[in-house]
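All chains are identified by letter, namely A, B, C, D, E and F, in their written order; residue positions are counted from 1 within each chain.
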Amino acid sequence: MTTKATRLVIVTEKILHKEITRIIDAAGATGYTVTAAGGKGSRNVRSSGQPLVADSYPNIKIEVITADPAVAKQIADDVAARYFDNFSGITWLDEIEVHRLHKFQRQG
Amino acid sequence: MVDDLVTTRGDDVEAILEFLTRLVAQFQSPALAFLLGGMLLAALGSRLEIPDAIYKFLVFMLLMRIGLKGGMQISEANLGEMLLPMLFAVLIGCSIVLLGRITLARLPGVRGEDGIATAGLFGAVSGSTLAAAMVLLEVEGMEYEAWAPALYPFMDIPALILAIVLANLYLQRRAPATGTRLLAERQPVRLWPIVKDSLQGSALSALLLGLALGLLTEPASVYEDFYDPLFRGFLSVLMLVMGMEAYARLEELRRVAHWYALYAAVGPLLHGLLAFALGTIAHLVTGFSPGGVVLLAVMAASSSDISGPPTLRAAIPTANPSAYVGASTSVGTPVAIAIGIPLFLGLAEAVFGQF
Amino acid sequence: MTTKATRLVIVTEKILHKEITRIIDAAGATGYTVTAAGGKGSRNVRSSGQPLVADSYPNIKIEVITADPAVAKQIADDVAARYFDNFSGITWLDEIEVHRLHKFQRQG
Amino acid sequence: MTTKATRLVIVTEKILHKEITRIIDAAGATGYTVTAAGGKGSRNVRSSGQPLVADSYPNIKIEVITADPAVAKQIADDVAARYFDNFSGITWLDEIEVHRLHKFQRQG
Amino acid sequence: MVDDLVTTRGDDVEAILEFLTRLVAQFQSPALAFLLGGMLLAALGSRLEIPDAIYKFLVFMLLMRIGLKGGMQISEANLGEMLLPMLFAVLIGCSIVLLGRITLARLPGVRGEDGIATAGLFGAVSGSTLAAAMVLLEVEGMEYEAWAPALYPFMDIPALILAIVLANLYLQRRAPATGTRLLAERQPVRLWPIVKDSLQGSALSALLLGLALGLLTEPASVYEDFYDPLFRGFLSVLMLVMGMEAYARLEELRRVAHWYALYAAVGPLLHGLLAFALGTIAHLVTGFSPGGVVLLAVMAASSSDISGPPTLRAAIPTANPSAYVGASTSVGTPVAIAIGIPLFLGLAEAVFGQF
Amino acid sequence: MVDDLVTTRGDDVEAILEFLTRLVAQFQSPALAFLLGGMLLAALGSRLEIPDAIYKFLVFMLLMRIGLKGGMQISEANLGEMLLPMLFAVLIGCSIVLLGRITLARLPGVRGEDGIATAGLFGAVSGSTLAAAMVLLEVEGMEYEAWAPALYPFMDIPALILAIVLANLYLQRRAPATGTRLLAERQPVRLWPIVKDSLQGSALSALLLGLALGLLTEPASVYEDFYDPLFRGFLSVLMLVMGMEAYARLEELRRVAHWYALYAAVGPLLHGLLAFALGTIAHLVTGFSPGGVVLLAVMAASSSDISGPPTLRAAIPTANPSAYVGASTSVGTPVAIAIGIPLFLGLAEAVFGQF
């Protein structure tokens, strides 16, 4: 049995790892998954300042699954407001079906 | 009189010739050779890759080696001697930033915060450039106090802090107009988080851990069997990476005002000369060694490549890293290594004679 | 031309790599894609036992695309039943459109 | 506020990295995200020629988000026509919701 | 008589003083210094990172070096001498697990399978702790048979197997009540898969391959030019990682019963002393060297850090890794290195006199 | 006369015995021992892993070392001597490919482009196999010109280019029938992109950079302290990886025609003997050293493992890599190292006497 849930994806600079996961926790999400990513976007005008040569994955891709779409929305808004003027990054939403819904619901 | 002048001129010519010889020789030294090799590879589109994991480990090894050696040699006797050079290191770091603030940051086409961040990076120190100078001094047989490289953080941290403070002041003054919400909010710049962040970075962590271990424990065996013998080799690989990086950043530099290129070309030499002068004072006052003076000058001339950029990025988010990283990596570091090191070395020979 | 298909995603501990891909093969899926992942979830109460310090990606994210939703369902059920009492992990489904449908259909 | 957009995913051999990103740029997409991936598919009959032992992630997964579905379609078609006879690879589409639509729209 | 006693007491005091001196000295030895340095860095929130790829390679180098050396020195003549220590190694590994089974695993608040898994980990062996002891013995000039470190798998594998068997027996008995389906199903515990899994793990693979290469081929040149000289250095980096890891795990340990901390603090010393006693018997019977006795004690005191956890995790899935890994990494290993090694070394000097 | 023949026969027997002794000894040499060890580990299902980052770094170190040494020793005086061996290297690389074109590629069950790609890989050169031979020559005390390993690209690049050209000609001729659109389109094969791609690959980049640095700068210190001493050790680890790889590829080889296995088993020896013959001519004409002749033979016998496969994959996309990589990695390389190297060494002793 599956239930509809929201998957928020954030692709941004590695340097923001800690800050963004803090926002995610604060918003009440039950978890997140991080993968190393590289890429290209509009930021070609500004560098991330991290070594280009040695590290082919200077970005991170963070996925947050939440039973409550409002949580996803809040995270996306917070992250964009706080960082996307000065750091590169994009966010998108996807509707998915989760198994074991309780894993994505805030307890209490 | 005339005779005298002629002799002097002859001496001058000789000194210049010697500097040029040294410059050419320096281009053949492993450090610079690998740096240029890396640039060449990148320019030719080579797919050679030094993996990130290796790069991180090399940096660790280098700074741990510098720290261990420093720590092993510092004893209470030294603390007295160290005081003046330490003070000068702080002074130099701050002066470089202030100098950049009133020159580069005021030039047309240069955004204030970008210029200040760049000055901060040039005030801070590059561990690899310092290491390259250490190797060269050893080859030349010019001695230096083993604790001299440990002056690193005393120049590095104040420079970064001052740059961050100045940038915040600058942005606050402009804030009402442009509405840079974020920075304006946290009005008083808190210093401790910046210092802490600097110290917790991988570069300074390794250096300071090495210092502590060298000071408090007996790492001589592992230092002599491992960290020291691998030092030059790892440095050569690191220089290769830095060369590739320098070329890769040129494109970014081209996109910002040309003033950055000029600053990055001239700054290292001026900063180094300033430090050389202060170092010479320390030499006269407390007997700071000629080699130590050269290292102080090299620290001043170098610009931070590992720990500086992320610190500035986090603390002055509105500053454009293409400007400061591009200037430092693509021009500043090659100039410091290729011209700065032989220049200060030649100067030391001229000034301090046979050491 | 595209066709609807099901994408099953499993995020779990690296140690289960072999076991889970065995389940996927057994269920008749035509392939899978694995990426290294890190993350946080409810398992904060139990450690994975893998080095924390050196390895920032102790999880894997496995994606399986199948033309037949029943295959995805079976894999998700099998994996959850066999491992999710004792290992951390989540699964979710996504409806996607594949090109070249035959690549995701069991032959014979 | 979010807007519908198309997410194209390509999983293929690492060796094609440069060629495929060139196709993506040429098609007018505004960016892409790359992650290292491993996996198994129908190509079991042919090897990628890359070291098996040392590299557990010989594939790449490329994600391209575009406001215009036609761009995604063109990239998928191009890549398949040019490479998928001789290289392994799969592609799929997903409908998502993006924030800040302008980031995914071709300027000018 | 009285006089005699006094002398003995004087000797005791001297021995204790010597142990304390050694303890302090040990804290300055590179192995322990880097271990503590790692803990400190982690505690201070440093972002220093030894990449996973480097960590894996260091472990490979270390165990390959131990294996090569062992293999190069084992000859047919040795096989006779090895028999008794090998037997004792098996015995010690199993005794430690049984001891844990009837103590830790029965304590209130300790789940049976968690206690048994913990005992298994403490019965198994840590290659890095063993390596640290080897380096120290070499520094102290205390000789040991080159094959002694090769006793490793004879203690390690039986301990892990026994723990897994005991855990399964335990769970089966409880099964009807709690319904732990999975484990209950596969009723007879098959041993071979566990042994095979152990041997195929990266740690034992490297050790055994080294042994085989040392025994059957001529790796002396590559051993002397590469594996041996890099040994101490790589060990220092590994100790740094272990220190950071120990601190990072403390949090986990705090979440389980306090008994684990007690067991992890006392266990290593008791286990080591037991092994020391059996080693002394081997010394008397077959002339097992004092250094060999110390290494046997250190193996017993150590708890597996690389290969043990994943093996247990796969074979006793219901056991909570926070308990066993936390206990072993955060407390067991530091105790074994910081107190165990100098203790057994001091004991060897006291017992075997000038060796 | 009869007496003479008997002596000769006696000599023959002796030579064969000596070859066999050498063969057995070679099996104990670190290079081959680690190669076989790797195969064994893979066969036994070991989970030992040498991370990708380490593998890439080892390859870099190895080729940089070969390049540096070559570059440091090449002087203008050498360029004359080098000419003939260089010419022969090109000739050998091309001959091997042509030979494969008219044998393997025409066999039943072998697709034309697969056969040609395989021939290209066997015509190209493996840096690790070459390195293994260099170490063995040094152990045996057989001298060679330091520039001899720098013949590598002169055999490698022409072989790859020729194979790509031949494959394109082959496919074009077949094109109308089978409609291999893509390749048919770009009718004239442009050579420069292939050469460029080869030179930009990580292996040749490192080798050539090393050569340039050795030739133009003064890397002796870093060569002697770092690249050279670590050479054998890193080679042993690389051999281990190659052994694991060889086993892992067997499965793929099994899926293609058996002719590949035969070609891969016999080809290296034939190619090596051909090169040995040409090398001997160079010995007679310009005094090319016996050690140089052996290295030339080993280059011919070796098949490319690092840079060849991706180059071929990109340039002959329709060729099946399971065929060419399987043949080269699983059979060709082990044969070249295990049989080829001792064979050519024995031959050199027989032919050139006490060197």
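Here, a contact is a pair of C-beta atoms (placed from the backbone, for glycine too) under 8 Å apart; a residue touches a chain by one contact, two chains touch by 3 or more.
Just so it is clear, the structure is predicted and the values come from calculations on it, not from any experiment.
Student: Tell me, which chains sit next to both chain A and chain F?
Tutor: B, D
Student: Relative to chain D, which chain has the most distant C-alpha mean position?
Tutor: Looking at centroid distances, E is the chain farthest away.
Student: Quick one: point me to the chain whose Cα centre is farthest from that of chain F.
Tutor: A
Student: Could you tell me which pair, B-F or D-F, is linked by more C-beta pairs in contact?
Tutor: B-F
Student: Using mean C-alpha positions as chain centres, tell me how far chain B is from chain C in Å, no decimals.
Tutor: Comparing mean C-alpha positions, chain C is 48 Å from chain B.
Student: Quick one: chain E and chain F, Cα centre-to-centre, how many Å?
Tutor: 44
Student: Please compute the C-alpha centroid of chain C, do the same for chain E, then give the distance between them in whole Å.
Tutor: Result: the chain centres lie 36 Å from each other.
Student: Can you list the residues of chain D that touch 2 or more other chains?
Tutor: Each of 35-36, 57, 94 in chain D touches at least two other chains.
Student: Two-or-more-chain contact residues of chain B, please, as numbers and ranges.
Tutor: As it turns out, chain B has residues touching two or more other chains at 49-54, 230.
Student: Pairs of chains that touch, anyone?
Tutor: Pairs satisfying the touch definition: A-B, A-C, A-D, B-E, B-F, C-D, C-E, D-F, E-F.
Student: Can you list the residues on chain F that touch chain B in the complex?
Tutor: Answer in residue numbers: 51-54, 56-57, 60, 196, 199-202, 205-206, 209, 212-213, 216-219, 221-222, 225-227, 230.
Student: Which residues of chain A touch chain B in the complex?
Tutor: 15, 45-57, 82-83, 85-87
Student: Can you list the chain C residues touching chain A in their complex?
Tutor: Against chain A, chain C makes touches at 11, 35-42, 57, 59, 61, 76, 80, 84, 90-94.
Student: Report the residues of chain A in contact with chain C in the complex, numbered from low to high.
Tutor: Contact set of chain A toward chain C: 2, 5, 7, 21, 30-36, 65, 94, 96-100, 103-104.
Student: Give every residue of chain B touching chain A within the complex, in rising order.
Tutor: Answer in residue numbers: 42, 49-52, 54-55, 182, 241, 244-245, 248-249, 252, 255, 309-310, 312-314, 317-318, 320-322, 324-326.
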